[in-house]
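One chain, chain A, appears in both complexes that follow, with chain B as partner in the first and chain C in the second.
Up next is the complex of A and B:
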């Protein structure tokens, strides 16, 4: 047990260091993430000014901006850049073989590596995030009540797991298809549009909103933000958390299952 | 791969000719052979054909690529359709005028993505792996070679969607009489927009020579062009006005879409006539500046053990 923990700890440390190699590139990337919010503020200011109404679907201009900021925070947890495509590349190029012969579990390794990357990301990004949220504090109506905040934290942590296992499952598909980049692109499109990253999902027609609530997508960005802003409360909030947890468990199982099935299918040649 | 090899052979024969011309000193033909520049158009057409051959080798992938890049734009359009359900105007652009704006964005972006994007991405990779050596050895302008080696034909799918969208929206704009000038100038200004974006892109890609790796190039690109996707009128107020001025005069990305779109959707009033003139200046300026940055960066290039 101790040896095992030490192995995982070593992997974690290596991944952290690997992440810190290209610091310049990384810091630049973190900073850039905040640029779109600026255009969103201007766009929605113009929309609200032209519409001449104070609220659109219950969202004020401030709410919309706060919403976008919160979805960015949520995406910092749930987005897994390069996970599925990296996995696909490893499978295609045969690098995956090392997980078949070493006593290391592929999914746990990936999860650990991703956690390390995220930890480094949060360490570096906390500064800019805090700064932006502080500058934009007028868009928020203060902190939500403690139980709402706890629900928000739970939904964020679940969104990390959901994002990871969903993306990893997408990567496993390449055991069956050699080229999955187009599939991944379509997946990304769905996430972008239906996670609420682009706009608050309330702006969709009611029917679509109610359908999308049952898909895993809103839980990657929309749901945590809506929880924080108090847009979902009481029974709806609990229902949302249950759906999110269910999808997370579903993808954990599916991911493991598809990895096992993929291993059985996989054949590696040469060194 | 086959295609690449053909391009390689062609380039090599050009090199060979240059070498031969050195071996016959005092020959009458020397000057004529020496002064024979590589045919840039010919080389480009070869690149374009090779890329098409490669794309057609994986036809299913090509079709999926086309569909996915179109669906990306349709989602974008869906977003604005949603917004226009809630408001009739965004900063004096009504729905159909804004659709013209979006189709202009699609024209410019599809051209940039088809011709320059894959190459700029590859440049950072070539710098990291040392593959740039091969480009430097070729007897042809390095920036040309590096910028146009690949053509992503599937990105041009959006070009046709943009045409349809434009044809749909323009007749629906109230009180718009299309003049010959608009029809002539619009494509020209779209091309100028492409050149401005290209300049920014190649300058960004060249920074990977200094940074060692520039993986966030694509992100940076997305974020910076993000500003250009909206009518410049939305940048108003204490923060907006300086921002608008920076993105017009320092990094002229607001010129890219705004000038052609305005030209088509709401013909230039005298107030905006200066913008049309400025568009030209901005294009020439960006191209020259990017060439300077590129050459500057190239001087710092250290090959990575090839």
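Up next is the complex of A and C:
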């Protein structure tokens, strides 16, 4: 057990080191994430002005901007750029052999590498995030109660795991189809629209919102933001956390299963 | 005791068969034809502990397929194999800690980081005790003369330097069986020689079992006493390097140096003329004819020097490979 923890810690450290190699690209990528905030503020100001109402589906302009900032934070946890496509490339180009030959588990390795990348990202982005939230503090109605904040933190951590295992499972499809870029594009579109990253899901018709609530997508952005803003409370909040946890466990199982099946297929047909 | 035991091991793939042209491409959207290709036909082979065996064959002969089977990357379509008592494709961690596979065309190190970081990772993955790790790493680095390169990112290393790092990484956990797939591919002569020297020394010191595939006969001649040749997925030869010439070459090369610079006009009556640079000539003569030709040449001409040699190994093997390719065409046609 100790030896395994030591291995994980070493992988984690090396992944952090690797992340810090290309400093310029990394710093630019981190800072560029904040640019869309300005356009979003202008966009929603224009939307509310043309609608001529103070609220849309219970959201004021301030609520929408606050919601947008929170989804940005949630996506910083749940988005996994390059994970599925990287895995697909490794399978296509045969680099995956390393994990068949060496005594190391592919999924644990990818999870550690991603955790390391995220930790480095948070360390660098904490300053800019804090500054942006400070500058936009008037859009928020103060801090939520402690129990809501804790639920928010739990939903964020679950969104990281859900995002990781969902994306890794998509990558595993490459064991069956060598070219998966179109599939990944469709997957990205689904996330884009149904995670609530574009707009609060309350803006959708009730029926569709209730359907989407049972899919994994809202838990990548909408749900943590809605928890923080107090849009979901009490039993609805608990139900949301249960659904999020269930999807996370579901994708953990699916990811492992598809890796094992993929290995069998790879070793049977290709290599 | 055998380190590797292979019994009737075979592997076939289902390959998509596409016809030429746009219409065929449209048709393939609805219906695809597949064909079974035997990458390895039932193979039997034993390799004793501590042997250094070369695995030769033309491209597509099944060499890499065999190495992939023995390292557990792929599962067979039939047959059995035991390496150090383990079935490779079960991929038990206990087995994975006892062998290593180095592929000349694949990089296993972290591209953007110095190799020492990859070594550290290998230490943890293979659970190598710290003192043993430091000792092995330093020993390998000294042997390969690359201490000064350890801190340099892998992407900045030359191909030869990178191969040294790959070998070090593969040997850190002191594997008992080493599979080498074209380890010197693309390297210049000096780098090739250094890798050969290292492999020879290391194998003799540690008595590990090595299976090597290479297209460079110099690798094979420098390292292996035993040569296994497969062609079209089948074993065609298993024996010594010298034995290949005896078995597969029906010719010898006769080198003649004529006295006083006098070259006779018609040499083709003795055999096939390979080269003439006056006053020297090289002839290809059938083995069965060599005694008769020698006495005729000596009787008819004044010579300063004469020698009878085996043809170069590359030539014999190339001849053999092209023969097997022709047989394949005949068999499939």
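The rule is simple: the second predicted complex is superposed on the first by the 266 of 271 C-alpha atoms of A that agree within 3 Å, B and C clash if a C-alpha of one lies under 4 Å from a C-alpha of the other, contacts with A are read in each partner's own complex, and residues count from 1 in each chain.
Going forward, contacts are C-beta pairs under 8 Å (C-beta built on N, C-alpha and C of every residue); 3 or more make two chains touch, one makes a residue touch a chain.
Please read these numbers as outputs of a predicted model, since none were measured by experiment.
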{"item": "Partner chain(s) touched by A:215 [first = chain B, second = chain C, both, neither]", "value": "neither"}
{"item": "Touching partner for A:198 - first (chain B), second (chain C), both, neither", "value": "first"}
{"item": "First (chain B), second (chain C), both or neither touched by A:55", "value": "neither"}
{"item": "Touched partner set for A:102, first chain B, second chain C, both or neither", "value": "second"}
{"item": "Touched partner set for A:126, first chain B, second chain C, both or neither", "value": "neither"}
{"item": "Chain B versus chain C as contact partner of A:233, first or second or both or neither", "value": "neither"}
{"item": "Superposition-derived comparison: chain B or chain C, residues of chain A touched", "value": "B"}
{"item": "Contacts on chain A seen with chain B and repeated with chain C across the two complexes", "value": "22"}
{"item": "Chain B partner contacts - residues on chain A that touch it in the complex", "value": "22, 24-26, 28-29, 32-33, 35-36, 38-39, 42-43, 45-47, 49-51, 56-57, 179, 182, 185-186, 189, 192-193, 198-199, 203-204"}
{"item": "Residue numbers on chain A that touch chain C, as the complex places them", "value": "3, 6-7, 10-11, 14, 17-18, 21-22, 94-95, 97-98, 100-104, 264, 266-271"}
{"item": "Contact footprint of chain A on chain B as seen in their complex", "value": "58, 61, 64-65, 68, 71-72, 75, 78-79, 82-83, 86-92, 211-216, 219-220, 223-224, 226-227, 229-230, 233-237, 240, 243"}
{"item": "Contact set on chain C toward chain A in their complex", "value": "13-14, 68, 71-75, 89, 91, 93, 96-97, 100-101, 106, 108, 110, 112-113, 117, 120-121, 123-127, 153"}
